[in-house]
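Step one of this worksheet: look at the structure below.
As written, the chains take the letters A, B, C and D, and residue 1 is the first residue of each chain.
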């Protein structure tokens, strides 16, 4: 199964006085795309939360390739670039929905916490989630 | 005792493509000023939270009088305009720190919830907090 | 013609530590709905901007009726409650998309500026825009 | 001359439903620290803007080392890690103001644009700015 890319229309309140989208918003869009990705693979955030599992950020990066402006539609292609049970990396590629021009390339890295805030290995504490996530690690064809 | 006004320096990321501060940020500044006010009257948010009391917003309003731009320093004068034990209203007046020009006039209205999310009367559930808040209701001289 | 309501899915990054959507975000959702409304009536923001007309906020208000949580879908019904050529008021009603429960009722008030930042009467400076806006003022049946 | 670190007190509206500061805000704090840094070295944003020079982000990264919570004071140490006239990299180290515990390590990378949005070499277009920036590149003792 393939993952549908995520579409975000850039909002007026996301612009700054340079007339472009403020860079901090890209990480919010990546989060929107990640939530959508988790829905698509059958492991919604809400389900993880109910199981007492959180996946906080341990690192992020983004390269800005060209500017996004108010009202632009951006398509975000997402894939799980690595997953070990303890850590997960997700990568993102944002392109203009009309021209397909590359806007940004990003990555977020996550660990997993239980409800006590302790770092856990999903392989050990929740085999079902582990199997789903492991199945979605991106493999070059 | 008088309340010291709160100062906020407008950030670049708070601007929008019109080159001015986006209107939604004023409610964030009012929140900063309110947190500072609660500190000053001896009832910090953290203390309220630890006592299991939350004070969510039930209504807000703001009139924008003149524009705030990046790097402007804004002074926010705050007062508790009403308090009943069940509800509280706080009002705000934002002025430019240099020219004293009026920027905005706002109000936030709050109720009180206990840790189960039920609306409570502070007079009944926490007399100590109630007495502090009641003492700070603004009275015209 | 009727206006289609606007749908917003509440994002994780819009929550606060009370576990609900932070109140400042509602004005961002209202803006999203307003941009969509302007598209629907044939007067997109971009077109207004290109004609040198801006419509900054001069006042806002919102009453919060019940809490919105992460992932909730909110339907925003919007209407132009008044319009004079010099000022415009838009009102908003946000309801849960599933239960139809009322979440919030809000209003934004706007004036019109030309590209020099001067307040203008649209009736005089842009009859075409004026006619479109005037045609959409809400009238009780 | 040394650069004074920047202090930010974490706001309620910066928290998310995990009860911690949302990761996207760190880039806003880095921006606050960067604006302050530019003030300290005698090259304020406003002055750069008036000279028609912008310094948009071309890339960012952040590693989150420990969580920041509402009301925590964070001290951000900043330095210009590289500068070539065409590109500039700034690095940031955020520590708790009380415990000195490391919270995050980040970097932002910038280019320079003129008022037409063209990439420029500051060495060629604005020798004065160039000299100031070059003088502040961090050198290991």
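Here is the rule we go by: a residue touches a chain if its C-beta (ideal position, glycine included) is under 8 Å from a C-beta of that chain, and two chains touch if they have at least 3 such contacts.
None of the values given here were measured: they were computed from a predicted structure.
> Could you name all chains that are in contact with chain B and with chain D at the same time?
Touching chain B and chain D alike, sorted by label: A, C.
> Could you compare the number of C-beta pairs in contact for A-C with that for C-D and name the larger?
A-C
> Please tell me the distance, in whole Å, between the geometric centres of chain B and chain C computed from their C-alpha atoms.
Chain centroid spacing, chain B to chain C, equals 25 Å.
> Taking each chain's centre as the mean of its CA atoms, how far is chain A from chain C in angstrom?
Once rounded, the distance between the two centres reads 29 Å.
> How many Å are there between the centre of chain C and the centre of chain D, using C-alpha atoms for each centre?
It comes to 35 Å between the two C-alpha centres.
> Going by the contact rule already set, what residues in chain C reach two or more other chains?
Residues 12-13, 20, 24, 28, 31, 70 of chain C touch two or more partner chains.
> Write out the stretch or stretches of chain D touching chain B in their complex.
Touch residues, chain D against chain B: 11-13, 28, 31-32, 35, 44-46, 70-71.
> Which positions of chain C touch chain D when the two form their complex?
So the residues of chain C touching chain D come out as 12-13, 15-17, 19-20, 22, 24, 70.
> Can you check the complex and tell me which residues of chain B touch chain C?
Chain B residues touching chain C: 18, 20, 23-25, 27-28, 31, 54, 56-64, 67.
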